[in-house]
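Dropping the structure in here first, questions after.
Read from first to last, the chains carry the letters A, B and C; within each, the first residue is number 1.
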Amino acid sequence: MGLQDGVQGRVELRGLVKRYGPLYAVDHVSLEVSSGEFLALLGPSGSGKTTILMSIAGFEYPDEGQVLIGGEDVTWSPPNKRNLGMVFQKYTLFPHMSVLENIAFPLKMRGVGRAEREERARAALHTVRLGQMGERRPAQLSGGQQQRVAIARAIVYQPRVLLMDEPLSALDKNLREEMQIEIKHLQREIGITVIFVTHDQTEALTMADRVAVLDQGRLQQLGAPRALYEAPETGFVAGFIGETNFCEGTLHAAAMPGEAVSVALDGGGRMQAVAAQALPAGGRIRVALRPERLRVGPVGAEGMAARVSEAIYAGNATTLLLEGEGGQSLRARIPAGAGLHEPREGEPVRLSWQPADARAFVAAS
Amino acid sequence: MSAARGNRAGRMAVNAAAYAVTVFLLLPTLIIAPMSVGPERLLSFPPKGFSMRWYAEYFQDAEWVRATLFSAEAGVISAVCATVIGTMLSLALVRGRLPGKGLVELLVIGPVIVPHIALAVAMFLVFEQLRLTGTLLGFAMAHTVLALPFVVFTVLAALYRFDAELERAALSCGAGGFRVFRYVTLPLIAPGLVSAALFAFVISFDEAVVSFFISDLDRKTLPRKMFEDIDYNISPTLAAVATMLTLLTIAALLLGYALKRGMERRARAAARQGVEP
Amino acid sequence: MSRRPPRFLLGGRNYSPAASLLLAAPFLLLIAVVFLLPLATLLHESLFVPAPTVEHYARAFGEPVYLRVMLRTLRVAVLVTVAALILAWPLAWVMSRSRGLGLALLAAAVLLPLWTSVLVRTYAWMVLLQRNGVLNQLLQEAGVIDAPMRLLYTEGAVVLAMAHVLLPFMVLPIYSALKGIPEDYVRAAQMLGASAWGSFREVIWPLALPGVTSGCLMVFLLALGFFVTPALIGGPQQMMIATLVSQQVREMLDWPFAGALVGILLIFVLALTLVFKRAVRLDRFVGSA
């Protein structure tokens, strides 16, 4: 297939706003998705991710802002005129049609002749590896198979963009992981733009080229999975993606993003960190530190004094629950098999880290 | 122990009462059937012999047959009209943003809560002036109005059972508003529409009060003809007619039941592809 | 680019107000011409013919003959409602605790009469109750009575036949309310020490009340304006308001007075409906069981 050229599959949101009463479901969100890119919209429920997807699909109309697809303003065009593919949370296959009729339906709506319809529908069914299932009814298929049919139906007319609204949430864990990889491969194969809504960060990080993290209708950060994890730009992203220790404190002097800072922790002691955003002088600060970036050393080594309150063995790693000298609760992870010392419960230790791994944010008031 | 026994005795008493009520419900109607095949003019139970004489009399009497055909005609027309009009309204009520929705809903139940005698007399008054009494148009209009509440409630139930997300899916496939209805909504609520039409037909076909007033001498419905016959003489022909009407009702109910089963099977099939709760 | 282009389906979920109105238009038109207009014409007749007056209404309450008819109507409607409630409860209860074939049979026993012509059912009662009818025949053969009793054209016969005809309207709402009560509630009440009567009074009855209200309302409303059964079973002796209206229209040709009677009936019915608006639920009669 691969009919996409440079701009056809580009999606652009400009200052999108959707209000429900006084509440902002979407609060001035702007972003660009390039042709052939896989973007995940990630956030907790109520973050506005689904509203954004529905605005792109045409099922919701924004109060402000524009939606552009392939450079064309489609903010006000109805869903059936946008030439997008959509896969829903529930598979929404038409129960009164066979699998093949389901897939051929969008072609029928586009006036494609019967013979060509059948041929293209069979090809699409083949693409999702369900070649033999064409004559069945949707109810006779398993959940994973139904979702594949839904995908085939959404791509059979070679739309410029494929929208997916938590399409895997109905599947069990193993099948979900299998489908994540399959969808990713399919997307590469046909080169279609995909915008994928999920509340599952692992899913977003696994599948997407870039992830847009949303909270309370605001775009928190848009970036590659690695950047989100390693260099979160807001405290929300640092807390939402992966596991994080937060230490609260204050900062004496203002700092620019990227600047090394020394934070006075609430319980006493100081913490070396890097400013992740512009930090005001004298403001409340939260420092985020990943458990696996904490190094646990014996008493006498450099670093923060702490005591192990619990050690939890989990096969590939041991998680230590620690109490810092200032009363902070921290977690550290010691990978198994690396020959590292595993302290016992109650043992005093020293914690150290690279300043670059400790990221300082303005604490939310 | 004695409490448990008392409990069981109580339950048996309730069961017995329930079955007695069922007998009370069914007996008067069902007892007519054996009586209708008795040979004598005086109806008796049990019948003193077997004869199809009263059935023959019905089929040979032009007035009975004409009244039946007229009722059937009015029934079919009002079933079709009520189903179409009621479906349109139901769509507006469920999917639409109808101004004055509360008032419209009150109007929907209007023909049920307003006593039929009131409606019948009122229609008689207006239909006389419009020269609609004794016309097919008049009966069709009156019966459509009487059947509409039941049609609307049946179609509403079918629409609520139907997953509106399928309409979005169809839109995303490129179907416009009308084609969404034509290819997705309509086929899926069709069993509901057929049973609505069935209800409407039965309501029209059995309707006695309005028919009593807006019939005229040569154009009357079957219930009106029955009414006259009951009033003058309880002839055994009536028993034959009543038996046939009961059989017709049984057939309609069985058909309606089959439709409902089909609809539920479909709803289950659709639910199976949904999210596990 | 217009801010909001007109569209039939708003966001794929809703029709626009204009489209909704268009879909409702045939209904509104028909209801206006065949429902509202006739009722309005009749009520106009009762208030403005020959001149603006409430005289026709006053007459209905003033003359003992008519007052008696209205009181009888009220009395019969109450009796029918009470009788139907007493008969309906055990049946609805057993239905709500049955499944499969048992439920299907019980439901059929309720639905068959519901959808059988009122005329057929009334006729059946006449056959049973008339002077040389089935009941008198059987009683005589059994030697219980010597001469046929007068059963037809009594108030008892009217109440009996009407309760029979309207019973399904009581059973179905109560059944659907009872069906919604999980059996565990009753078990829980008993575990907590409630007696059979206690769990009925504290758990079942309050939860069934909406269904009971709905059933009583439907039966009472229908009984107030019932025409066929009282006209045939009650005869002129047991005249109820519907029969009186019919008589005024067909024999006396007194439209204003008939209009006034209908007006009184309508005020009654409308007031009850508005008070119990939520109780009018037709879905139970078309979709149930």
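Rule of thumb we're sticking to: a residue touches a chain if its C-beta (ideal position, glycine included) is under 8 Å from a C-beta of that chain, and two chains touch if they have at least 3 such contacts.
Note that the structure is predicted; figures quoted are calculated from it, not measured.
Centroid analysis (C-alpha atoms only) places A farthest from subunit C. The central chain here, found by comparing per-chain C-alpha centres with the mean of all protein C-alpha atoms, is B. Centroids of subunit A and subunit B (each the mean of its C-alpha atoms) stand 55 Å apart. Separating the centre of subunit B from that of subunit C, both taken as means of CA atoms, is a distance of 16 Å.
Rounded to a whole number, the gap between the C-alpha centres of subunit A and subunit C is 59 angstrom. Residue numbers of subunit B whose C-beta contacts span two or more other chains: 168, 171-172, 176. Of all residues in subunit C, those that touch two or more other chains are 7, 9, 12-13. For subunit A, the set of residues that touch two or more other chains comprises 58-59, 78-79. Of all the residues in subunit C, the ones that touch subunit B in their complex are 7-10, 12-17, 19-21, 23-24, 26-28, 30-31, 33-35, 37-39, 41-42, 45, 87-88, 90-91, 93-95, 106, 108-113, 115-128, 130, 132-134, 137-138, 164, 167-168, 196, 221-222, 224-228, 232, 241-242, 245-246, 249, 255, 258, 262, 265-266, 269-270, 273, 277, 280, 282-283, 285-287.
Residues 57-59, 78-80, 83-86, 88-96, 105-106, 109-110, 137-139, 141, 143, 146, 153-154, 157, 163, 169-170 of subunit A are the ones touching subunit B in the complex.
Within the complex formed with subunit A, the subunit B residues making contact are 163, 165-166, 168-176, 179, 183-184, 187-188, 266, 269-270, 272-276.
Note for the complex: subunit B touches subunit C at residues 6-7, 10, 14-15, 17-19, 21-22, 24-26, 28-29, 31-32, 35, 42-45, 84-86, 88-89, 91-93, 95-99, 104, 106-127, 141-142, 144-145, 148-150, 153-154, 156-157, 164, 167-168, 171-172, 176-178, 180, 195-196, 199, 202, 205-206, 208-209, 212-213, 223, 226-227, 230-231, 234, 238-239, 242, 245-246, 249-250, 252-253, 260.
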